[in-house]
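Here come two complexes built around chain A, the first alongside chain B, the second alongside chain C.
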Partner chain A sequence: MVPLLQVKNIKTYYGNICVLKGITLEVHQGEIVCLIGSNGAGKTTTLKSITGLLHPQEGSITFGGEDITFLEPHHIVEKGISMVPEGRHVFSKLTTLENLEMGAYSRKDISAIQQDIEDVFKLFPRLKERSKQSAGTLSGGEQQMLAIARALMAKPKLLLLDEPSMGLAPILLESIFENVKEINAQGTTVLLVEQNTKLALAIANRGYVLQTGSVSLSGTTKDLRSSEMVQKTYLGIA
Partner chain B sequence: MQKLVEQLINGLTVGSFYALIALGYTMVYGVLSMINFAHGDIFMVGAYFGCFTITQLSKTGFTESNPVLAIIFTFIAGAIGAALTGITIEKFAYRPLRKASRLATLISAIGTSIFLQEFVRLIPKFGSLITSIHFGEKNLFPESWRAAIINVTQTFGGAMVKTYPGILGTAGIKLGEISISYSRILIMAIAIVFMVLLYLLVRLTKLGKAMRAVSEDKETAALMGIDVNKIISNTFFIGSALAGIAGVMMGIFYLQIRPTMGFTPGIKAFTAAVVGGIGNIPGAMLGGYLLGLAEVISIQFLPAVYKDIVAFAILIVMLIVKPTGILGGSGGKNKL
Partner chain C sequence: MMKNNSSFLKNILDQKAFRTVLSALISVIILSIPLFNFPQQNLWIRIIGYAGLYIILGLGLLVHVGLAGMFDLGFAAFYAIGAYTCAFLASPHFDLHLPFLAVILIAGALAALIGTLICIPVLKLRGDYLGIVTLGFGEIVRMLLMNLTDITNGSQGIIQIDKPTIFGINFNNSTYFYYFIFALIALLLFLLNRIIHSRTGRAWLAMREDEDVAQMSGIDTSKYKLLAFAIGAFIGGLGGAIFASWQGSIFPDNFNMNVSINILCVIILGGLGNHFGVILGAMALIALPDILRGFSDYRMIIFGLLLIIMMILRPQGFLPRKAPQFEGKSSSSPDHEKEVQS
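And now, the complex of A and B:
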């Protein structure tokens, strides 16, 4: 089966610095795949290369069999990839509702948008209460919900999540990860970048371990959990 | 009393110019965090497009038979001419420098300002230059074309002052002791209509929301599927069109236009935008009217030549007391 997303040996630079030294990974329809690794391993850069915010100098990225390596971000959204950026990045001066409308910016089926807003409100009832409030006044957890809801408004085939756990209280963490599972169960494929390795391995089907710009290990989450290297470095089990 | 009211109306008229031009500064600052110092010259270009249009319409007698339509066409020509100039400037003078230092963009803006002034001044020279191109005995253009090109370029620009035909004259209405000319009424009404339209556009339309999103966070806006370059281009289009409208108003009101006419209103409108809180749209409107009123009030107490000093004194005081402007947020984070 052709993978939904196929990243082949990409090398991405920031100026002269080579951040990704040849990353290869694939995500199949319906999966949750996680990328784990420490700070500076290249997780976010990988996501930015997929969404077109950065373009790799070598290698290729195909989505649904189509080469998207050098497309601009707004065209990649139209293809069906949307991202929840690290640190949420909600538009703080726009209201919750306007943020959701921005998420649906590239869609042509305007009449269906209203129904989808209702649907994401069902997933995140808190957002409905806050719909007229400017997003900057929401709490950190609510902003994370909004960032996810906003990305869903694009009706993505593939949802990229960058560190959804960052800065969240433990009790919220579990509910956000429950939401991610639910989104996946409803048919959206998920690529998750997460520093909280334990949680990431708990909900994903497969994972890739990134170290200084390369994939050092990959496999099913079961394999990764039993790997001595993962246990020592990322799970803190001696 | 009568004198005071007339001066207030005068202040609101001048304020209308400043407010409309200030909106362009503030919108561009909102999306790009840069001061478009060529904006005053875009205003000038708008005045020239308007002047060309109304001069042609007057020659054919159209203005006399349909004065209202003639004025509308003049405004449309000024707005569109300025808007196209604005998006061209953005594309060629600013977009290549998007990731460069602020100083580079500033220098590019000042260079563009000089370019526009000189271009308008030299248009008749370009006309005669183009028509003199010939290969051996044969000219590039046939005789009739040459005459047309020279005619158009000479009507459009040049170093000499151009004059708007006085369509509205000095007629007006009288309310008791106070008389208000139609041109003032027209200017204030048009300014207010376009400010309301702009406000609604930015608040309620998809384009307006996208402009605000781009103004806050370009990278995330791109992740939403927003074509950031297109939104920036549209912002220049709208801001420049408003400046073009102000340029035509200036022509209709003061009748005379010249290539350097953009400098003083441009820098005053910039002052207005900063006083109101640069990046903030209602702030630009408020700043424009405040500056217009402050100028005419100062004339009551000081010799008229001091009115420019008053405007810039307000700017300096504002920068000391509240650098973010009256309606500006904290930390220079003004967003549309």
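And now, the complex of A and C:
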């Protein structure tokens, strides 16, 4: 089967500094795939390369069989890749509802947007209660929910999540990850970048371990969990 | 005491009815100044008309700074480009005498073109960097005007610029310019209001709130930045052409950095991001010092004091931006649909 997203040996630079030294990964339709690794391993850079915020100097990225390596971000959104950036970026002066509408900016099927807003409110009932409130006044967890909901409003085939756990209370963490599972169950493929390795491995089907810009290990989450290296480095076991 | 004042002022200024009455009142006062005879009428026409010119410039800069969130410290450059275009095309300097409506449109278009060109290399820059680049650009333009003596006549400036004739009406005194300026302001306010509530306006809103997220929401930020810069520069060019033909003579020093800063102050005082606030800002900042001229030496002290009091009582400006109210149901909002389909 042709993978939904195929990243082939990409090398991405910040100026002269080579951050991704040839990353290869694929995401199949319907999967949850996680990227794990420590700070500076290149997880976020990988996501930014996929969404077109950065362009790799070598290698290629194909999405649904189409080369998207050098497309601009807004075209990539239209192709069906939506990203939730790290650190709960919301339009803080706009209301929750306006944030969601902004998320649907790239869409042409205006008539369906209202229904989709109802759908994301079903997924995150808390946001419905806050729909008229400006996003800056939401709690951290609610802002993370809103950031995810806004990304969903673009009707992505592939959702990229960058560190959804960052700075969240443990109790919220689990509910956010439940939401991710539910989003996936409803048909959206997910590529998840996460430092909380344990949680990430718990919900993903497969995973890639990134170390200083290259993939050091990959496989099903079961394999990864039993790998001694992952246990030692990321799970803190033995 | 100050707290009370502040909330009182805030309450009044935020009332919709009050705003309507205020804008009606200001319009009536502005329109009636040339109609009645009173002492020093010509002086008043010049003062308020000049403030009107700054309203136009303020609206242009507002597109850059207030709407698109692009910091611009060199707006006088576009003003200068508009003014010199007018001077080249309608004066004995090159012995060209094009009709004013053509001149003003060319002036705006040229400013827009140069604005777009200057914007291309700085598309990736944000915040302060853009401010520095535009600051430099403003000075470069002034230096060129000063030193390209063969073309611009250097510090001698260009004189005897044609008085406009529109539809057979010869603009032979300030009253015509006065009405022309305020008619243009009305038109610009109407158009800007339309843009703010369009798809473009929402893209700008998203950009100035959070550029990364705007990009990830599928907004072509480069396109909308260029568009904002072009529109703002166009308006600045219009202002320049009006200034040149009204003054009749222009010099490079009419467009120094103080002008850029003054325009910026106008929109900040008016409440950054609100196009109606610009009117109050220009009246307070540009007209007031002249109105206070009667107090001779004390006027700048009074003016400074007023500014300080103002900034303490209402730091967000007279009429700050309200977050635009999107209709709750995006699917049923006709405006919404129309914009997306177009």
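By our rule, the second predicted complex is superposed on the first by the 238 of 238 C-alpha atoms of A that agree within 3 Å, B and C clash if a C-alpha of one lies under 4 Å from a C-alpha of the other, contacts with A are read in each partner's own complex, and residues count from 1 in each chain.
Note that in this section contacts are C-beta pairs under 8 Å (C-beta built on N, C-alpha and C of every residue); 3 or more make two chains touch, one makes a residue touch a chain.
Only a predicted model underlies this, so the values are computations on that prediction, with no experimental measurement involved.
Participant: Which term applies to chain B and chain C once both are placed on chain A by superposition, clash or fit?
Facilitator: clash
Participant: Once the shared chain is lined up, is A:A154 touching chain B (first), chain C (second), both, or neither of them?
Facilitator: So A:A154 meets both chain B and chain C here.
Participant: Applying the touch criterion given at the start, work out whether A:G103 contacts chain B, chain C, both or neither, answering first, second, both or neither.
Facilitator: both
Participant: May I ask you to name which of chain B and chain C touches more residues of chain A?
Facilitator: Counted on chain A, the partner with more touching residues turns out to be C.
Participant: Between chain B (first) and chain C (second), which, if any, makes contact with A:S111: first, second, both or neither?
Facilitator: It touches chain C, and chain B stays clear.
Participant: Contact-wise, after the overlay, does A:L217 reach chain B, chain C, both or neither (first, second, both, neither)?
Facilitator: Once the two structures are laid over each other on A, A:L217 reaches no partner at all.
Participant: Once both complexes are aligned on A, which of 7-15, 205-213 or 331-339 in chain C overlaps with chain B?
Facilitator: Given the superposition on chain A, chain C and chain B clash at 205-213.
Participant: On chain A, which stretch or stretches are contacted by chain B in one complex as well as by chain C in the other?
Facilitator: Of chain A, residues 51, 53, 72-74, 77-78, 82-83, 85, 89, 91-94, 98, 101-103, 105-106, 150, 154 contact chain B in one complex and chain C in the other.
Participant: Could you please specify the touching residues of chain C with respect to chain A in the complex?
Facilitator: 199, 202-203, 205-206, 209-210, 212-222, 323, 326, 328-332, 336-337, 340-341
Participant: For chain B, which residues are in contact with chain A within the complex?
Facilitator: Residues 206, 209-210, 212-213, 216-217, 219-228, 335.
Participant: If you look only at chain A, which of its residues touch chain B in the complex?
Facilitator: Checking each residue of chain A against chain B gives 51-53, 72-74, 77-78, 82-83, 85, 89, 91-94, 98, 101-103, 105-106, 150, 154.
Participant: Note which residues of chain A are touching chain C in the complex, please.
Facilitator: It is residues 51, 53, 72-74, 77-78, 82-83, 85, 89-95, 97-98, 101-106, 108, 110-114, 117, 134, 150-151, 154 of chain A that touch chain C.
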